[in-house]
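Heads up, there are several structures right after this.
Next, two complexes with chain A in common: one pairs it with chain B, the other with chain C.
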Partner chain A sequence: MIELLAQTGLNAVYAASYISLVAVGLVLIFGVMGVINFAHGELFMAGAYVVVALYAQRFVPFFIAVAAGLVFVGLLGLLMERALFRPLRDNPLGGLVASIGFLMILQALAVMGFGVRMEYIPPVTQEVIAFSDKVRLPISRLYVIIAAVVMLSLLWYFLKRTRFGWALRASAQDPQAAALQGISVTLTAKIAMFIGAGFAGLAGALTAPLVSVNPYMGHSIIVTAFIVIIVGGVGSLEGAVLASIVYAFVHTFVTTFYDGVIADITGLMLMLIVLIVKPTGLFGSADRA
Partner chain B sequence: MRNIFIWTVIAAILFALPNLLSFSQQEVLVFLTINILVVASYRLLTLTGEWSLGHVVIMGVGAYASAMLTKSSGLYVPLGIVMGGVVAGLTALALSYPLFRMKGFYFLIGSFAAGEIIRLLWKRFREPFGGTKGIKGIDPMPDFSVGFYDFDFFEPTSYFYFSAIVVAICLWILWRIEKSPIGLTFQAVHWQDKLAQASGVNLRAYRTLAFVIASGFAGIAGALLAHYIGTINPNSFDVEVMVFVLTWAIVGGTSTFYGPILGCVVLTILNEVVLRELGLEQTRPLIYGLILILSILFMPNGLESIVQKFTRQKERRSLRPEEAK
Partner chain C sequence: MLLEMRDINVNYGKISAIRNISINVPEGQIVTIIGGNGAGKTTSLRAMSGMLPLKSGEIHFEGKRIDGMAPHKIVAHGIAHVPEGRRIFPDMTVEENLRTGAFLRKDKAKVENDLKDVFERFPRLHERRRQRAQTMSGGEQQMLAIGRALMSDPRILLMDEPSMGLAPVIVEEIAVIVEEINARGLSVVLVEQNAVLALELANYAYVLESGNMALEGPASELHDNEHVRAAYLGL
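Up next, the complex of A and B:
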């Protein structure tokens, strides 16, 4: 029993890692741009397909393919900023529809380029850290955990300790006041989109060998990310990370002891209860509602 | 007098329309008719300023209710359709208690979560909801005759006439509600909520009322759909369908009654007829996505803004919500 709990705990840590990468990106984009990026799940999917194209089909080393995934999806984020969100800055519902349009385009491109089949990706490494017979952590999952910890720490340092980070947080809180202080809101928007999208791409690229890669894989991750950012409080990065961990543990344990659908329902109930008890989320403030 | 003439012409066109179409286009026409009711009822909710992502699931509640009632207790199908609306409205009433603690973005996501929970319950419980496979062999509308026309519900044409009449009645009721003092209060709840509250309007009660009415009509639409296609499952009402409803409303524009309907008709024809006829099966979502982006970039006020350009003088400008803002 102890071993089962330990193994489920390890699985939950792995799930929390990639969920928090995706959710933090979504929060960052929402905070700075003020739009809900519905295409975020498809950015995750795009990252996974970069690994399919480079690593599985052209035998580029895995970590180079992952880095390419981060950069490529980050550039997609810049494209979205320039083509969609900048012209629609005062129109949040318009931004929502535009991101839905972008989502459909990305899905269609994935179908046209790769087909609807599930992609086979050769495992990166077969090595496993065995704590005991039944408690094992595959190294490929460890990569995801390490990447999440490193990237989130870097982001935290960037936002809280550098001038760019200050500027970015300032324009998230009040774009007009930030502009009056000489901060380029367009530049901070670009940085936020690149990081936010890039994190989703990184998560997709790293988990590609571990999940089933197909053009519609973005759907379940975006639902999860929405739950997480609501529970954490929209606009709060710390809240998103904490909520990812809570959600991943609850979901993984319920999946192990009951089943996946009950786990999904539990996750959604968790979110509804948080919304009812504290409608702004655990860490949220009332202003950017 | 002139109005009666216009409506007679429209009715005649609608009566002749199916005869000019191919079989598959007739089927699209039936879906389009039902979707018009979905999107028009959705607009009633948006009048109060709330955007829901659970509307399609509520529509599904109506579909499931009607399908299960007619199947298990042998309820007469038209009564089942009405009951579908009632059950959907009651479900919305129950959901309104948690959901209307939230506003704006939180309501959007909260309604999505509530909808997903309902959908997952359908999926999880084979008894009585049929699980992932849903409900099959739903009773079709029983055939009947009205003297000059025999309704044979194997034919999409007949079902189109039937659903067009139901939808027309529903649209008329929705229109009356919108123009009634209640409808004007809905607008006030959206654009002048502080003032309305200060004047003694119970904001939450009116939001709930709009949500329940909108959901009731969505339920009727769902029931109409269920008795036409004969099989429903949790995926018939998933978020992808919701995204279509949302884009119809936004691309059409929601400041007029006809805006969302216009969006629904134009986008459906583009997507289902034009792109299909051009043989662009694989690139259809790509082009549809592009159309969405271009229309929101270049027509931020929706298709209705084009119509308004031509009819500007006739509009009673004082009623426009943009100016009330």
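Up next, the complex of A and C:
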């Protein structure tokens, strides 16, 4: 029993890792741009397809394919900023609708380029860290955990310790006052979109060999990400990370001990309970929500 | 002339907010814009820093035309705006707020020096430098907003209602700060509802009434003007 708990715990840490990468990007984009990016799940999917195209089909080394996934999806983020969100600034609802359109375009492109099927991606490594007979952590999952810890730490350092990080937070908190300090809101929007989209691409690329890659894989991750950022408090990066961990543990344990459908329901119940008890989310404040 | 506004018109949608406003700010002086609620004081100030588009008119700063520039470009020319309601960054620390004011500056050594200066001028900000800005009192937040503006190393400071919502003791403190800043050679444009305070501090004053320039002159003269005394000074 202890071993099953330990194994399920490891699985939850893995899930928390990629969920928080996706959710933090979504929160960053919402904070700085003021729009809810519905295409975020498809950015995750695009990252996975970069690995399909480069690693599975063209035998590029896995980590180079993953880096390409981050950069390529980051550039997709810049494209969204320029083509959708900049013309629709001051119109958050318009931005949201445009992002839904972009989601459909990305899905259609994936279908046209790769077809509607599950992609086979050869495993990156079969190695496993065996803590005991029944408690095992595959190295390919460890990569995801390490990447999440490293990238989230880098993001934290960037936001708290660098000039451009302060600029990003300033324009998230008060865009007009930020402009009065000489901060170009367009510049901070670009940075937020590149990082936010890039993180989603990274998560998609890293998990590609571990999940079923298909053009519609963005759906379940975006639902999870929405639950997580609502639980964490919309606009709070710390909240998003904490809520990712809570959600991943609840979901993974319920899946293991009951089943996946009950786990989805439990996740939604968790969100509802938080909304009833603390409508601004765990870390949210009323003025930002 | 350091800053020159010529025949400015600003509209909010189809409604005219200010009409044919001309304001001159000589080097090293304090110029004040007074007037009642909705007279167009804040609008005039926001036009100077590029936050509002002009319908017509020109703004020149140190001989360069700056109207039509984005606000973040205008800051780079040496115009710092302390906005109405202070608008500090609530979730950032006091020090982060101040350093954000120096966002455009490349002269790192001088930035550190200026930060030291601000902390000396406002010891309260130094005590609270690691604290989140929203946890401070109104007066402290106003000092932070002024400090943040000074961190851009400006040639001119635009201040919008620095006394608003503050206790009389704190208002006195702010007044002293404005005088000190000006004594160091910085020009100031002061928008105030508190006309007594504004005329006491300023060299020259403009009086706005429902979007029009009603009166202008040296502050001491306006202080003795019958209309100003009756309408704004309550004497």
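The working rule: the second predicted complex is superposed on the first by the 289 of 289 C-alpha atoms of A that agree within 3 Å, B and C clash if a C-alpha of one lies under 4 Å from a C-alpha of the other, contacts with A are read in each partner's own complex, and residues count from 1 in each chain.
Assume a residue touches a chain if its C-beta (ideal position, glycine included) is under 8 Å from a C-beta of that chain, and two chains touch if they have at least 3 such contacts.
Since the structure is predicted, the reported quantities are computational estimates derived from the model, not experimental observations.
Touch criterion not met for A:Val211: it reaches neither chain B nor chain C. By the touch criterion defined above, A:Ile183 lies against chain C but remains apart from chain B after alignment on the C-alpha atoms of chain A. Of the two partner chains placed by superposition, A:Val135 touches none, neither chain B nor chain C.
Legend: residue contacts after superposition of the two complexes on their common chain; A:Met269 is shown touching chain B, with no touch to chain C.
Shared-chain residue A:Val261: touches chain B; no touch with chain C.
Of the two partner chains placed by the overlay, only chain B lies in contact with A:Ile227; chain C stays clear of it.
Chain A has more of its residues touched by B than by the other of chain B and chain C. By the touch criterion stated above, A:Gly94 is placed in contact with chain B alone, chain C being left untouched. Judged by the touch definition given at the top, the superposed model places A:Met112 against chain B, while chain C stays out of reach. Shared contact residues of chain A, touching chain B in one structure and chain C in the other, are absent.
Within the complex formed with chain C, the residues of chain A that make contact are 163, 166-167, 169-170, 173-174, 176-185, 287. The touching residues of chain B, when paired with chain A in their complex, are 51, 98, 101-106, 108-110, 112-114, 116-117, 120-121, 123-124, 239, 243, 246-247, 250-251, 282-286, 288-293, 296-297, 300.
By the touch rule above, chain A contacts chain B in their complex via residues 36, 38, 83-84, 87-88, 91, 93-94, 96-98, 100-105, 107-109, 111-112, 219, 223, 226-227, 230, 234, 261-262, 264-265, 268-269, 271-272, 275-276, 279-280, 289.
Residue ranges of chain C in contact with chain A, taken from their complex: 49, 51, 70-72, 75-76, 80-81, 83, 87-92, 96, 99-101, 103-104, 148, 152.
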